[in-house]
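In the two complexes below, chain A is the common chain; its partner is chain B in one and chain C in the other.
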Partner chain A sequence: MPGDPPGTLPRTRPRTGPRTGPGRAAGAAPRHGGAGSAPRRRGNGLFVLACLLPALVLFALFMVVPTVNVFRMSFYTWSGFSPDMRFVGLDNFTALLDDAQFVRAFQNTVALLVVVTVVTMGMGLFLAAIMTRQRLRGRTLYRFVLYVPSVLSVVVIAAIFSAVFDQENGLINGTLRALSLDGLRQVWLGDQDLVLWSVAIAMVWQSLGYYMVLYMSGMASIPEDVYEASALDGASPGRQFFAITLPLIWQNLRTTLTFFVMSAVNLSFVLVRAMTGGGPDGSSEVLLSYMYKQAYTNSSYGYGMAIGVVIFAFSFLVSLLVSRATRREPLQF
Partner chain B sequence: MRRSLVLAGAAITALGLLTGCAAEGDGQGAGKTTLSVAALEGGYGRDMYTKVIQAYESAHPDVDVQLQISKSIEDEITPNMKAGRFPDVVVLGQGRKAALTETLIKDKALEDLTPVLQAKVPGEDKTVGDKLIEGIVGNLNTNPYGDGKTYTMPMYYAPTGLFYNKGLLDKKGWKVPATWDEMFELGETAKKDGIALFTYPTAGYLDSYFFSLLADVGGEQFYTDVMTYKQGVWQTPQARQALDLTARLLKYAAPTTVGYANEQDFTKNQQSVLDNEALFMPNGTWIVGEMADAPRADGFAWGLTPLPAVTEGGKRYITTSVESVWVPAAARNKDAAKNFVAYLYSDEAAKIFAASDAIQPIEGVAGSLSEENAEFYKVYDDPSVAALVGGFASTAPVKGVDIKATLFDTANSIISGDKTLDQWQAALNGASEKLRQAGG
Partner chain C sequence: MTTIRSAARPRTGRALTSVLVIAIALAIAVPVAWVLLASLKQKGEFYGSPWVLPEGLHLQNYVDAFVTARMGRYFLTSVLVTVLGLVFVVAVSVPAAYVVARYEFRGRGLVEIALLAGLFVNVNYIVVPIFLMLVGWDRALVDVFPGGFFIDNPAVLSLVYAATSIPFTIYLLTAYFRSIPVDFEEAAALDGASRFQIMTRVMLPMARPALTTVLLFNFLAYWNDYIIALTLLPGEGKTLQVGLLNLMTAQKAAADYGRLYAGMVIVIVPVLIFYALIQRRLIEGMASGGVKG
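Up next is the complex of A and B:
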C-alpha cells in the first residue's frame, strides 16, 4: 500500500505547511545548533574507529585470518612443513566419510555432548536451587567445594581421576570392595564400553561447580516476594522451581547451553589426551583429539584441518539449533 | 587534518605493536657464526649437551652455539619452523608422539648427511664413517628412502627387548625361555603362582616386540617386506604366525594391563614387574632410570632378554633403538652444522656422552659402561642374536591411516576380546596396502 502513509501524514499535520513536507513534520524544525551536530558525530566515529583499530587489527590477525586459513587448508594436502601444498578440492572431506575412526570419534563427541550437557545442567540447576532456596547450613562451604574443580588444571584433574578410577585401589573400586560389592568393580579406563563414560564423569565433575554458581547468581536476582506470594497460594518448592525459577532464569540457561557445546568439545579433548590418549584402541577418541593426531602425528595437516572445519560447522550448528529451540519471550519480574 | 593524523598515528602504533612481536634479531655477530642446536631432553639429562657444546666452542672460537633443549622440544621449535626459521642441528629420534622427524622425512626436508660420513672428525684422523660400528648406518632408520644416502645420523643406541626381574626367576628356579614353547610353558607355571607372564606399559611399547618378532618369524627379508608394505605381506603365513603368537601371548597378559595402558597410568604396569605380579614387558634401557625411585620386591634386579626364538636355535633379533641427529634442509648454517655433527662423534664428545650413559654407536664405546648398563649391552654378544634397526618406511602421508596404531593399539582390543585375530589381520592388510599405494 504505497499511497497510504504519505496520504495520512499531511492530513494529520496540515499546519506545518506543504513546504516542510511529511518527513520534517514528524520531528520539530531543526534547531540552530543541530546543524553542527552531524559532523561532530562523524568526528566521534573516526575517533572511535581509531581507538578500535588496534583491537580490530589484532582480532583480524589472530582470529579471522587463522580461521579463514583453517578453511583454506582443508582443501589442500600438506604435511605441515614442506613448501609443496597440493590443492585437492573436497578430497579431504570425502575421505572423512570412509574413515571409521573419524566416525567413531564423531559419535563419541556427540555422546559426550549430550550426556555431559544433560547431567551437568540437571545437577547444576538442582544444586543451585537447593543452595539458594533452602537455607542449608554451611552452604558457602558446599559452594566452595563444588567450585574448586573449575579452578584446577586439567592435568591435575586427570591425575585425580587416575586415582579415582584405578582398577585396583581406586576410590570407586576400593569403596566397592569395602562394601563387599566386588561384582560391581570395573576397569574404568580399560573397558572399551565404559571408558567414554569415565571421561564423562570427569567432565561433569570439572564443570558442575562453575555452572552451579552461574545458575545461583541468576536465581539470587529473582525477588523474594514472588516466592512469598506463590507460597501463600500454596505452591510447593517443586512447583515454585518449575513455575517461577526456571522461567525467570531461562535466558541464563540459554547462554550456558552454548557454553556447554563449546566446553564439551574442548574439555573432552584435553581430558582424553591427559587421561586415556584416545585409548584403549581408539575407543575414547573424540573429534579434536583425532584431528590433532591426524594433523600432527600422521602428518596429514590438510586432513586435520578438514576435521577442524567439521568441528567448527558442527559446533556452530548445534549452538544455532539449541538457541532456536530454546527461544522464549523473555520474562521480567 | 588533525583527525587523519590521529588515525595514522593509531594505525602506526597498532602495526608497531604487531611487528614488535615478530621482529627478532638476526643473531649474526661480527664474523661469528651462530649455530642453533635443538635437542630432546631425554633420560640422559641435559648436562652432557652443555658440556659437549662448551668443549666444541673452546675448539672453535668463531662459532657460537645456541642450545635449545626441552622434554617437548617439538612443541618449542615447530612454530618457528612453520615460519621458516629452522634450527641448524636437531637431536631427535623417530618414534616420538609428535613425529617431527618422521614428518620431515616424509617431506624430504632433511639435508643429505652422507658427506659427514666421509668427513674427518674435527681434531682426529679418522672419518666419522670409520668410527661407527658396522651396520648402524645404511638401514631404513638412517637412509629412509633406501637410496644409499644418509639423512639421519645415529646418535645413541640402546637395546630394547623383554625386561624382567632376574631375582624372581633365580628364586623360583625358572629359566629365561629360549623358545616360544618354553615361554608358554613358563606362562602356565607362573599362572599357578598367580604371576602373569606378560604385560606392557602402553600398547605403543609393542613396537620393539613386533619388529623383532617379524624378523624372528620370517627373517630379515620378510621384516623389510613388512616395513616397506609389500603387497599382500600381511596375508602371508609368516604374518599370521606372528599375530598368532602374539594373540597367544596376550592371553597371558596381566589382567590390569589394558586399564593402565595410558599416558597417566603406564608406570603402574611397569610397577607390576617390580612387584613380581608380571614377568616380562617390552621396554628400553631407560626403564632403569625411569623406575629408579619405585619400590620393588626383595632381590629385584633388571634383566633383559631378546624375544624367544620361533624354532629351537633359530636366529633372534633385538630391536635397537637409535636416536638421531639431523640437519634440516632449510637450515641457515649447513656447513657449520655438518662440522658440529662430525664433532659429536669425536672421542672427546663420546666420553662426555658416555658419562651420562648415552652410548653412541662408536667402536669401543660400550666398554666404558656402568655395570648395570653393561649387562644390557651384553645381549649383543650372543652369536645367535642380531641387532635390528629401523621401522616402517616413510611414505607420503595417508589420511586416516596409521599402521603403527593398527599394529600396536589393537593389542588392547585383542586382550579385551573386542576384536578378533582375523579383524586385526584384515585391518593391517588394508592399512599396509594404502601405504604401499602412497609410495615411498
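Up next is the complex of A and C:
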C-alpha cells in the first residue's frame, strides 16, 4: 500500500475548516489526479490512511493471511505444531483421490446440495407465492414463525433436532410410541442410511423461511396489473406462477442458487459437526467437516488444507456453472 | 388486489393451500415450543408421551443449567465478546467505508476488489490457519506472556469476529454512504467542520439505517457463532454456544434432558426476544441487502 496516498474529496470546496490531528505535513503534494475538476485538499492522504489502516490491517491479518496459508499449506505435509514442514507438491491432492472417506464426504455434500436446494427452493417459492398472491389471514404471523429458525444458532438447531430425533424420547419416536406405531420408529441419527436425510431435514427446516422472505421480496415488486390482465385472459393461478412469477423473479432465483451452494458447503458442516459429528462411521461426513477432522483432530494439517482448496474450487466452479447455465435476458415488467 | 383471482379460484384449492401453509408453520413452531415446554419437566416426565404438558414448573433444570453447567457464566462471556466485536467492527469499518465511498486515492480500486473478494471467503475455511497463527504468536511471546495471550482471550476472539465481518460491513456501509448526496458534507465543510467531524457528526447519523442493519446481522453472527469460539477459546471461558454444545455431549452420556433443554431455552430466549422486537427491520434489511446469514 502506498505510504500516503494523495486523495481528494470530490466536489468539496477548497475552503475547509481547521484540520484536526496530525494531518499537516504528509500528503501535501498530490501526484495523482483525483475526481476530475475537484479541487485537491492538503493532508487528505493521512486522513485516508488513518481511516483505512485499522480495517485493512485486521482484514489482512485475519482473512488474507489465513486464506493464503490454506493454499500454501496444501502443498506441504505439516502436523500444524511441529517445526517439521515438508514440501510435497501435489501429493496431498493425489492422495485425496484414493481416500474413500473423502469421496464419501464429497458425495454427501453433493447429495445435500441437490436435495436441500430442490426441496427448499420448491417449498420456498410455493410459500412465497401464496403469501404474496393470496391474502392469507395472519400471514405476518406465518412470516414471523417461518423466519424464526434463521435467527437461531446452528448449535440450537442441532440441539433441537437431536431432541426431535432422539432414539428413545424424541419428538418423533416418542410420538410414534404414544400412537403404538413402534414399527415406524427409526434410529434417525444412528442409522447409516438415514442420518443424511435427517441432516437434510434440519437444513431445510433452518433455511426455508430465509428463502421464502427473499422470494417474497422479489415477487412483491411484480406489478399487480400483469396478473389482472392474465386473469382476464383466463390464466389459472398455477399458469400465472409459471408464466409470470417465475420468469420475473429469475434474477432473484439465480442469486439464491449461489447461496444454496454456499450453505450446502458451510451450513452442512456446522450442523453436522454439532449434530452427528460426522457419524455414524463417517456416513454423515461432509467436505468441511472432513477437512476439520484431518487438520485439527488428525493433525494432518497440509492434507486438511488440500481438502479446503478442493472445496473452495468446487463451490466456486458449481456457482459459476449454475450462474452460466441459468443466464437469461432480464425481463421487463 | 386479489379480488379477480380469488373469484376465479376454486374455494377448495384455496383452503388446501392455507392448510399446507399452516402445516409448514406448525412444523417450524412445534419443535421450538416443545423444547420450551420440556425444559420445565422433571426427569421422569421425559419418558412418557412427548405431547404431555409438564406437571409443574420444574425450575430446578434452570438452576442446574445456570449454575452447575455454568451457562450463566458463559452467557456473560458471550455478551462481552459480542459487544466488543460490534464495537471493533464499527470502529474500523465506518471510517474505512466512508473514505472508500467519498475519497479518491491511489489503490482504491485494489482495496475495493480485495474487500469484495473477502465476501466470498467463508470463516469455516480459515479457522484452523487462524488458530495456528495465534498459537504461533503465543509461542513467540512466551517470555512476555508465559500463560499465553492470544488463545483463550475473549478480546482476541472479538477481534477475529470483527475482522471476518469487515468485508460485509464495509460493503453495505459504502453503498449507503454513496447514496447520500454530497451537499451535506459541502455545507458542513463551509461551516468549518473538519474532515473527521464531517464523518462522525454529519455522515454517521445519516447512515443510521445502514448501521442498524449491519449491527443486527453482525450481532446475530457473533452471538450465534460456535466454530470460531470453539477453536479460539478452548479453556474455561466458553461462550454460550460452546457451552450448549458441551451440554449436548454430556446429555448423550447421562440422559439428563432437563438440564439440556433448560440450557437451550437460555440460548434461544434472548434471540427470540431480540427477533420479536426488530423482526420487521431484520427481514426488510435482509430482503434489500440480499445478505446470506
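One rule holds for everything that comes next: the second predicted complex is superposed on the first by the 263 of 333 C-alpha atoms of A that agree within 3 Å, B and C clash if a C-alpha of one lies under 4 Å from a C-alpha of the other, contacts with A are read in each partner's own complex, and residues count from 1 in each chain.
Note that in this section a contact is a pair of C-beta atoms (placed from the backbone, for glycine too) under 8 Å apart; a residue touches a chain by one contact, two chains touch by 3 or more.
Every value quoted in this text rests on a predicted model; they were computed, and no experiment measured them.
Q: If you count the residues of chain A that each partner touches, which comes out higher, chain B or chain C?
A: Looking at chain B versus chain C, the one contacting more residues of chain A is C.
Q: Tell me the contact category for A:L61 with respect to chain B and chain C: first, second, both or neither.
A: Both: A:L61 reaches chain B and chain C.
Q: For A:W205, decide between first (touching chain B), second (touching chain C), both and neither.
A: second
Q: Examine A:A158 and indicate which partner it touches, taking first as chain B and second as chain C; both and neither are also allowed.
A: both
Q: After lining up the shared chain so the two structures overlap, which partner does A:Q101 touch, if you call chain B first and chain C second: first, second, both or neither?
A: first
Q: Examine A:R133 and indicate which partner it touches, taking first as chain B and second as chain C; both and neither are also allowed.
A: A:R133 contacts chain C only, not chain B.
Q: Please write out, lowest number first, the residues of chain A touched by both chain B and chain C across the two complexes.
A: In chain A, positions 47, 50-51, 54, 58, 61, 80-81, 158-159, 162, 168, 273-274, 296 sit in both the chain B and chain C interfaces.
Q: Using the touch rule from the top, collect the residues of chain A that touch chain B in their complex.
A: Within the complex, chain A contacts chain B at residues 43, 46-47, 49-51, 53-54, 57-58, 61, 77, 79-82, 92, 95-96, 98-99, 101-102, 158-159, 162, 166-168, 187-192, 273-277, 279-283, 293-294, 296-300, 303.
Q: Which residues, counting only chain B, touch chain A once they are in their complex?
A: 3, 6-7, 9-11, 13-15, 17-18, 78, 81-82, 97-99, 102-104, 106-109, 202-203, 256-265, 268, 397-402, 405, 409-413, 416, 418-419
Q: Under the definition above, what is the set of chain A residues touching chain C in their complex?
A: Listed in rising order, the residues are 1-2, 5-13, 15-21, 23, 32, 34-35, 38, 44-45, 47-48, 50-52, 54-56, 58-59, 61-67, 69-70, 73, 80-81, 123, 126-127, 130-131, 133-136, 141-156, 158-164, 168-171, 174-175, 177-178, 205, 208-210, 213-214, 216-217, 224, 227-228, 231-232, 236-237, 255, 259, 262-263, 265-266, 269-270, 273-274, 288, 292, 295-296, 301, 304-305, 308, 311-312, 316.
Q: With touch defined as at the start, can you tell me which chain C residues reach chain A in the complex?
A: 1-2, 4-6, 8-9, 13-14, 17-18, 20-22, 24-25, 27-32, 34-35, 38, 46-51, 88, 91-93, 95-96, 98-100, 102-107, 111, 114-115, 118, 120-122, 124-133, 135, 159-160, 162-164, 166-167, 170, 182, 185-186, 189-197, 199, 220, 223-227, 231, 241-242, 244-245, 247-248, 257, 260-261, 264, 267-268, 271-272, 274-276, 279, 282-283, 286-288, 290, 292-293
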